[in-house]
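Shown next, in structure tokens, is the structure this report addresses.
Chain nomenclature is as follows: A, B, C and D, assigned in order of appearance, with residue numbering initiated at 1 for each chain independently.
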Amino acid sequence: MIDKFVRSMAEAMAGIRDGATVLIAGFGDVGMPNALLDGLIEQGAGNLTVVVNSAGRVHKPGAATQGIARLIELGRVRKVITSFVRAQSIAGDWVRDGRMEAEVVPQGTLAERIRAAGAGVPAFFTPTGAGTLVAEGKEVRSYNGRPCILEEALPGDVALVEAWMADRWGNLVFRDASRNFNPIMAMAGALTVVQTHHVCDVGQLPANEIVTPGIFVDRVLHVAAGDPKLTR
Amino acid sequence: MNDAAQGYKPLGRTGMAARLAQDIPEGWYVNLGIGIPTLVADHIPADREVVVHSENGILGIAAAPEPHKENPWLINASSQRVSLRPGGSFFHHADSFAMVRGGHLDLCVLGGFQVAANGDLANWAHSANEVGRQIGGAMDLAVGAKRVWVVMEHVTKDGQARILRQCSYPLTAAACVSRVYTNLAVLDVTPRGFVVIDMIPGLGFDELQAWTEAPLLRA
Amino acid sequence: MIDKFVRSMAEAMAGIRDGATVLIAGFGDVGMPNALLDGLIEQGAGNLTVVVNSAGRVHKPGAATQGIARLIELGRVRKVITSFVRAQSIAGDWVRDGRMEAEVVPQGTLAERIRAAGAGVPAFFTPTGAGTLVAEGKEVRSYNGRPCILEEALPGDVALVEAWMADRWGNLVFRDASRNFNPIMAMAGALTVVQTHHVCDVGQLPANEIVTPGIFVDRVLHVAAGDPKLTR
Amino acid sequence: MNDAAQGYKPLGRTGMAARLAQDIPEGWYVNLGIGIPTLVADHIPADREVVVHSENGILGIAAAPEPHKENPWLINASSQRVSLRPGGSFFHHADSFAMVRGGHLDLCVLGGFQVAANGDLANWAHSANEVGRQIGGAMDLAVGAKRVWVVMEHVTKDGQARILRQCSYPLTAAACVSRVYTNLAVLDVTPRGFVVIDMIPGLGFDELQAWTEAPLLRA
């Protein structure tokens, strides 16, 4: 019997190594695998390359940090690949001090590079970023009269994903805007670990409504995480 | 821009959003960027079917929900809770940017730091060396949408021009902007440069030119 | 009010020009927009480039032809881009006689090129086809130690699509295996025309279950086409 | 291959499919190509959860349905009506080939015309000039799946070898095959060449070598 459910956070995090590239889904607090992120902090892997839409919000001095910012603050992130680094964030501080590297890329290029990794496309051309700082050092070629730059796939050793419902095959559905990066990161992770709000039987999710088929999923942990918080 | 002394009253953020919303026809697919552009959604008449896209995987965003009707799972690209029109849909980030980059949006409305006479846009950083780099989806939108309209204050807080012969900040995309809505005027970007197609009441063309580095043309 | 429904086949086919590239969805007879294909035959556009998974089944001499084979037989297809040309088909005959050009490509490359067109990716590298006849004339570059070839996007002037249910915004869902090429061709067509088995009100299709959002759809025609036939 | 005279009975199509099915462990994601590979689905025990993929956008294909329980909307890549396991799912063609090309399949089983000692596969055309070109998904599968097993008759109908030093037909993909199931034997492709890991009862190694152009090694 296929059963991708794990019974503990330790099992969910087993084998994540120093130096790993970790894809972390979510947009704002919606669809963000917060429990798995806490699990990763607890687990201890360091020297990570983290791929995430935003490297964290504005940090008020003295306020508690969590999530990506906490991982950075603990010195566990070597490099972040993201579409937002805010100057007044923990990530901004670490980049300014030269303690962490940041590759800031257009959000659509980020999404497409992740999807490409999952789909076996090693590289593709895109007009996004041509003629900007993003194009520095990249090959340029013209298509349909527009300059395009060559971008490479962005695979993860690990993907951390949040689902609304999951079954033991690892089939997933997402609630509303929590879908965001989750399905494509699930595709692009060599090891895809999911936290799910709800568990259902195999066959309960209609075949036409499954968003992420279990083929992209390795481990599922049941975490009743509650509603996303309102974050800016 | 001391309005009392000058006999005209620059638009506020809401005024700019409302002015722009007037010009969006029914049936368009429109992405609204972070900042003033986000406010545009609240000024599209409820009976005009404009389909608002959000980068985080939503089509059909409606006006902001009443406080007790918020859905915590439904936020826009500015991380504000929003509501969904009947007919709206959800999809993942690669599909969302396929819409953007594949040329499927009729319009995107972006905030701006600077716009140049050839349509160049700068809206994500003030210099190449800045630590903060907030690119987000702006480069994708500026390159991918069929039309790019920018909405921004006509000048900076300390009075520096933003409508320029050439951008001094790092570009978001080259030659992408077709129209600019400011708190003073509406300008079309044409092969001849900026053409003034609307001004706020009480403002003269020469006064507008005085706030503008790039040369302006009358419509 | 947005209303993408058209009331006649003539309206559905209006403006399709000689020389157009037409994407035709379906796999076997499932998800095949047969009514629209008949409409295209009736409408008269010629010198077409047709993009379709299979250029048609084995043809028995004297048997009636339909669909793609009929379009070819009427001399309306200049070129077919496909993953299957059977020697003993109408398409095979026309290719053999030099009356029609055929570009035969791996099915996954076909799908990815169509999706790329819809997603604004002008070209991408893939290991599929490297070192084979498919690679002839194509740029080769090595990624992760494997030779990859450069493939270009495949956009359509027109896409013909079959849906199970549609609303007036053009939102679509598909039944079971009829999904196949339909969503990606809908993305890649400059003019996307849909035949739908069922019509529903806007808001009736749950937002989480819509497979093709209306942004990719231009015209919808209601055609109660019945079940797909069993074809080989 | 006159079995009566030679004291062994080559497997039929069903026998080859059944033999191969034995070796697929629970939990694998497997694509079954057109022809004999398609028959494999019918020989996976119902209680062994193997998830069968079909290029036309299906995971979880089960054995052929009873005649009166057919679903006309549910066909496999061979255009045969099939049934779906609980847990199965549907997706579009680009997502389907993302599974194939992205390395997510544990195994694909393909038919073959020729297999070479280095794992080269030819299975779609007999010459470069042939009008019929039936590539389908074979090139994607051969390159993308974690393992490629080929199932085919050991020799052609007129007795020509198909297990070769080098393929003479146009390639499907280079160095992709890891195992070959024929009506006579099971061969592993190794860096040293073909290794015989199983033979049908009554067949000797030398007899097998006689039907095979490429040199064979004992396991």
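As a working rule, contacts are C-beta pairs under 8 Å (C-beta built on N, C-alpha and C of every residue); 3 or more make two chains touch, one makes a residue touch a chain.
No experiment lies behind these values; they were computed from the predicted model shown.
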Contacts common to chain A and chain C (chain labels): B, D
Chain pair with the higher count of C-beta pairs in contact (B-C, C-D): C-D
Cα-centroid distance, chain A relative to chain B, in whole angstrom: 28
Averaged-CA centre spacing for the pair chain C and chain B, given as whole angstrom: 36
Computed distance of Cα centres, chain D from chain B, in Å: 56
For chain C, residues that touch 2 or more chains besides their own: 112, 115, 119-121, 126-127, 174-176, 207-208
Where chain D touches two or more other chains, by residue: 90-91, 94, 97, 100-101, 144
Touching pairs among all chains present in the structure: A-B, A-C, A-D, B-C, C-D
Residue ranges of chain D touching chain C (in the complex, touch as defined): 54-58, 71-75, 77, 79, 81, 90-94, 96-97, 100-101, 125, 128, 130-140, 143-144, 170-174
Chain B partner contacts - residues on chain A that touch it in the complex: 27-30, 53, 83-88, 92, 95-96, 102, 104-109, 111-112, 114-115, 126-134, 174-184, 211, 227-232
Chain C to chain A touching residues, read off their complex: 112, 116, 119-127, 141, 143-144, 148, 152, 173-176, 207-209
Partner chain C, residues of chain B touching it in the complex: 26-27, 29, 49, 51, 53, 59-60, 84, 86-91, 94, 97-105, 144
Residue numbers on chain A that touch chain D, as the complex places them: 1-2, 115, 117-121, 167, 169, 171, 187, 202-203, 205, 207-208, 210, 213-216
